[in-house]
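Which chain is which? They are A, B, C and D, in the order written, and residues in each are numbered from 1.
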Amino acid sequence: MAALARANDGPAWAYGRDEITRRLDALYSELFEREVRIFPLATGTAANALILSCLTPPWGAVFCEQMSHINADECGAPEFYTNGAKLFAVPGQHGRVTVEGLEAALATLPRGDVHHVLPKVLSLTQATECGTVYSLDEVGALCDRACGEGLSVHMDGARFANAVAHLGCSPADVTWRAGVDALSFGATKNGAMAAEAAIFFDPAKAEEFEARRMRGGHLFSKMRYLSAQLEAYVTDNLWLRLASHANRQAQGLASIIDEVSGVTLLHPVESDEVFVRFEDHDAITRLRDSGVSFVPWDIGSGIIRLVASFQTTDDELRQFRAALHSVLQAESELPPQV
Amino acid sequence: MAALARANDGPAWAYGRDEITRRLDALYSELFEREVRIFPLATGTAANALILSCLTPPWGAVFCEQMSHINADECGAPEFYTNGAKLFAVPGQHGRVTVEGLEAALATLPRGDVHHVLPKVLSLTQATECGTVYSLDEVGALCDRACGEGLSVHMDGARFANAVAHLGCSPADVTWRAGVDALSFGATKNGAMAAEAAIFFDPAKAEEFEARRMRGGHLFSKMRYLSAQLEAYVTDNLWLRLASHANRQAQGLASIIDEVSGVTLLHPVESDEVFVRFEDHDAITRLRDSGVSFVPWDIGSGIIRLVASFQTTDDELRQFRAALHSVLQAESELPPQV
Amino acid sequence: MAALARANDGPAWAYGRDEITRRLDALYSELFEREVRIFPLATGTAANALILSCLTPPWGAVFCEQMSHINADECGAPEFYTNGAKLFAVPGQHGRVTVEGLEAALATLPRGDVHHVLPKVLSLTQATECGTVYSLDEVGALCDRACGEGLSVHMDGARFANAVAHLGCSPADVTWRAGVDALSFGATKNGAMAAEAAIFFDPAKAEEFEARRMRGGHLFSKMRYLSAQLEAYVTDNLWLRLASHANRQAQGLASIIDEVSGVTLLHPVESDEVFVRFEDHDAITRLRDSGVSFVPWDIGSGIIRLVASFQTTDDELRQFRAALHSVLQAESELPPQV
Amino acid sequence: MAALARANDGPAWAYGRDEITRRLDALYSELFEREVRIFPLATGTAANALILSCLTPPWGAVFCEQMSHINADECGAPEFYTNGAKLFAVPGQHGRVTVEGLEAALATLPRGDVHHVLPKVLSLTQATECGTVYSLDEVGALCDRACGEGLSVHMDGARFANAVAHLGCSPADVTWRAGVDALSFGATKNGAMAAEAAIFFDPAKAEEFEARRMRGGHLFSKMRYLSAQLEAYVTDNLWLRLASHANRQAQGLASIIDEVSGVTLLHPVESDEVFVRFEDHDAITRLRDSGVSFVPWDIGSGIIRLVASFQTTDDELRQFRAALHSVLQAESELPPQV
C-alpha cells in the first residue's frame, strides 16, 4: 500500500511508459541474473493464457499436469487465448509432471501428419497445485526432455515465491538455467493487491505479447499501479520473506496434522498448501462450524485444503490446533505444543 | 457417378435451393422416421466440428473416447469451430465410452464454479475407431446418463452405415430413439465421392448451423452435387448394401487372422476395420513388401489396421490370405479355404 | 486510496464474494434507479469487448462511429472476444453517430441471406472520442432506431461521468430509460486507479458474462480492490464532482483557444477534451518545447488534443495560456484574463 | 464429368497423396511460369479465408474494396479464420480499389502504437464484384504501394479466368509478376462442379496452410476428385475458352442494353457480369415474369445483375433481347439485330 501511495503521487505517463514500469526490466533482469522482458498484469490466468498464446499456434499441444490451473481452473482461458490449442492432461505424482508421464503423453501424439496437433509446450506449475515443489533436477530433466522434442517450457509460478523459498535457490536456477522459456510470476497470492507478471527469458518469444495483451484488454493505462506492486514486492527480498513465513506456517499446520490421528497429509508439504484427508468426513463439518476457514477440496473423499499465508500468525495455528483436536474428539488433555 | 451426371444436367439454383437438396429433408426424415434437418457437407471433420459448435459454448466440455476422431485426428478442428471448448478424453473399452468412464470424467469436473468449463456434450463414435459397434442398449444407457447431466449427445457416424448394417436395426433406433441429438452421417468412406451430412433430430439445436457453415466456408454454391450423392446413397438401400459387403469382407479378414498363428485380433470385428497384432514385427515389413496395403497403426507394438471396403473382392481376400501365410512362414500346404 | 486502504484491512473472500463487491449491485441499482448487474473490471477495453461478446454472435455486426475506441483503439479486442464479429464504422458528426448514418450503414447490409452478417449491436460512445456529448434526445432517437432493427445498444462510457455532468441528467435518463442495454462504466479516466465496470440493465443479457470474464482472465481473486474504488467513486457524488471540475477546466481551455488567433476548436467542447487546430504547425513544436503536455492527435493536419482532468488547476490553465500566447507570438500585452 | 469418371477409376491414396493431386504442383507451376504451391479446395470462401489467415495475424488489417466478397458476402469467414483480423472497407471505383483509396485507408491507421491493428494485407478481387477488371498497370501500382507498406497482396480470383481472358495476358503477369503473393483461383463459377484452389507464389507464406486447412475441415480424403477438376480445367486451355465465351456473351448482353432506352449499364462490362439500371422499376418485375433469370441486385435503386456463363447461348441472348424490348414497351418493330 505504501508503494501504491507513492505511485499515486503526481502525474505519470500512461500505458507503461511511466518511470516505475520502465525500471522493472532492469530490476527483474538483475533478480533473474540475465536480461528478461517483464509485462505487468493483474491476474494469473491472464499471465498463463497470454504466455501460452505466444508459445503455441492454435494447432499445438500443451502438456501439463491434469490438476494444473491452466487445465482445470481457468474455464478454458488458454484455449481462448491460443484460439483452440489442445491441453494434454498428464497424470503426475503429487501434482508434478514426471518425465515418464511426459513421454507417455508424447507417444500418444504421432508426428508428421496434419491430422494431429503438434507438440509445442510443456507447462510446469511451481509450486504445484498439490503444494509440492519440483527440485532443480526435476525441472532440469523435464526441460531437457521437452527441449529434445522442440517444446517450449512455461512455468506457472502463481506460487513461485513459495517454491524458491523452499528450494533456497536463485530464481535463475529454477527457471532459465534449467531450461524454462517463460514464467507466470505471481505476487497476488503472496501479498500483492493484484499483480502478476509475464516474464520472458527469450525476448524473441515475447514478440507477439504486446499485441495479444492489448487484444485481451490487459494493457493498463495506469500501469504504474501494477508496476509499483511488482517493484516493492522484490525489493529488499520482501517476496521471499513473505513466502518463507507462509511456508513455515504451512509446516506448522502439517505438524499439527501429524500429531493427531484420524487425519493424514495427502501430499508432502513443501510450500503454503496443506491437503488433509479426514477419516471421519463429518469432522469436516464440525471443523467448519468451529470457525476454521478452508477449501472443501474433495468432500466426497474427505479432503480439505488449508493455505497458510504471509499473514498467518502463530496464534491462528494454535486456534486451528485446538479446533482440530476438539472436532476429532481428541483427549481433553492436549499434548504439549510443538 | 450416375447420380452426379444426372445432377449435372441443366441449370439449377445455387446454395442449396436446388431441387435435389430440397428433397433431402423429406428423404432423410423418412429414413429416420421423424422430421430431421439435414445439411450436406464434403468432409467428416466439417460435420463433426460444425455440429459440436452448435451444441456447446466455448466454455463447455465435450466428453469423447480418447482415440475418437474429434480428439485425435482432426488437428483441433472442434476447438477451432467451438472457439476453444475443451475435449475430455475418456479411456474406453475397444473404442467405446462406458458409463463408468463417463461418470469418472464428469466427477473430475466440479460444477457451480466459473473456474471450470461446463459439461455440455457427449460424443460417441459409431462404429468406433476400433471397428467395434455400440449396442442399442449401450447407446441408450450412455444417452440416459448424458441427458441426466444436461448434456447433448453427438454421434460421429463416419462409419454409421457399417454400424447400422452390423446391428440390423433401424437408423432411428440407434440415434434419436436412443437419445442422440445430432449425427455426423458419413458417406465418403462407404462409396461416395465426398459427401457427409450433419443431421439434427432436434431442429432447435440446428439454429446456428447455417451461419456457422457459411463462416466455415462449407456452403457449396453448387450444392446439388453433394445432395445428389446423398440422395443416391440411401436410395434402394444402397448404403446398407455397400456397408454389409464391407462388414462381410472384414469378417473374412478376421477369419483369416484367426486361422494362422503369430497374429491376433486386437478388437472384436464388428464393422469394416480389422486391427491385427503381429508377434513378429518384421512380418509386417514382409507383408508390405508382398504388396498388401494397410495402415501401420502402431508399428512399435506390431499393430496394423486392415480396412475392408464396399469394393473389396473375394479375390483380394484370397490374395491377402496367401500373402499372410507366406510372410508368417506358414506350412507350404495351406489349410483348406474358409 | 483511502478506500483501498480500508479494503486492505483484514481478510476477505475471493473472486467477488467479498462484502464490498456484494454491496455494489445494490449501490449501482440505486444510482441507476433500477435493478442492474455490475461486474468490476480493470480496463475499459475489457468492459467493452466483454459486453459486446454478450450482445452479438460471431456472425453479427456492431455499428459504431468510425473513430470510436472499439473500432480504432483496441487492436481488435472486440473481434477477439466476439470471435470475429464485424464492426461497421459509421462516419459521424463530431464523433456522434447520427440516425441517418446508422440507416445508411444498415442499408448496406442485406437481410435474410446467410452470406451476410446480422445487424446485432449499436455502440455509442458517451462522451464521444471528440469530446462531444449526445443529448438525451439523440440517444433516444438512436436507440429507437436500433431497437426497431432488433439491435442491442451498448454505451462505451469511458467518459460517462463527464457526459452526465454535462447533461445534468440522471444516469438512468441517458442509459436504460433511453434504450441502452449495457454500459461500460469508466472510472479510471476520472480519478480511479484502475476501475471500470460492465453494467447490464437487462440481466438476461448478462448470462454469459461470468464465463466470458473468466476465460478472458478478468476475474480478480482480490476483487474487493476494484470494488472499493467503484464504491468510493459514486459515494457522495464524488464521480460527478470530479467530472464537473474536469469539464469546467476544459471550458477554461476552450476560452483560451477562443481568445487568440491562429488556433481554432475542432469540435464543441462538452466534456474534458479539447481538440485544437493550429494554422502554423510549427507552433505545436514550440508549445511542446515550452513544457505543455498534450496528445499530438494529427500532426499532419495541425491538430492536438488537450485533456483537462479532475486534477487540473487554475494555475495550470494560466500557465497554458501564457505558453500558448508565447508560441503564437501574440502581442506582448496579454488581454485581461477570463 | 469425364475427368471425374477417370479419377473414379481404381483405388487411390487419400488426403492428397494421389497421383492427380501430386501432378497439380507441376501443372500449375508451368501455367504460372514459376514454382507455385497449390491446394485444392471446394469453395471460394474457404480459399479466401484460409489464405488470409496465412497472411495476417489476428491483430492485422486487411484492406479490400467495400463490396468485395470477403467483406460483404462471406458472413465473416475471414474474421473467423484469422481469429478476428480487421477488414478495412475501401470505397473503390467500379469495384476497383484505387491507390488513392488505399492511401486514405492507410492514413486512418496510425503506426507504432499497440492500440491499433497493423496493416498486413491488400486483397484485390479480379475480376471485381462489379464485373470490371484491373489492368496490369493498376495491379502493379497497387502492389507496389502495398509492398512499400509491408503488406502482402491477396487476389480473390473467383472470376480469375474471366479477367485473364479479358486482359489477354499471361496468368503470371497479373499475379506474381505484378506483386501478388497468393491467389484464390476459382473454377466453380467457370464450369467446375466444385473446385477452387489456394495458390501461393511464395512458398514461405504457405507454411501454415495445411494445418489451417485441416482445422477448417477442408482436407478432402478423396482429394483426387477436386484435383481432377483442376487438372481438366486448365488442360488444353479449357478455362480460358470457357471464360472467353462467357465474356463474349456478356458483351452481347451489354450491346442489347445499349441499344434500348430506359436501361443503362452501371459499370463497364469487362468480364461475365452485366449490371443494369432500370429507369422504370416495374419493368424489372415484368422482366422476371417474362421468364428471364437474374439477380435482383438492388431493387430499390432499380438495379439487376445479369451473368453470362460458359453455357450461355446466342439463342438465350436473343430471347433476352426480345423479353427486354417487350417489357420496356419498345416499338413493335425491333431494330435489326447486332
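Keep this in mind: contacts are C-beta pairs under 8 Å (C-beta built on N, C-alpha and C of every residue); 3 or more make two chains touch, one makes a residue touch a chain.
For clarity, every value in this text was computed on a predicted model and none was experimentally measured.
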Neighbouring chains common to chain A and chain B, by label: C, D
Distance-maximising chain from chain A - centres being C-alpha averages: D
Gap in Å, rounded to a whole number, between the CA centres of chain D and chain A: 52
Cα-centroid distance, chain C relative to chain D, in whole angstrom: 41
CA centroid of chain B to CA centroid of chain D, Å: 36
Chain C, residues touching no fewer than two other chains: 58-59, 74-76, 80, 83-84, 114-115, 211, 214-215, 219
Chain C residues within the chain D interface of the complex: 58-59, 66, 72-76, 79-80, 82-87, 89, 108, 114-117
Chain A residues within the chain C interface of the complex: 1, 4-5, 8, 11, 41-43, 45-50, 74-77, 80-81, 188-189, 193-194, 211, 214-222, 225-226, 293, 311
Chain C-facing residues of chain B, complex: 15, 57-59, 83-84, 114-115, 118, 208, 210-215, 219
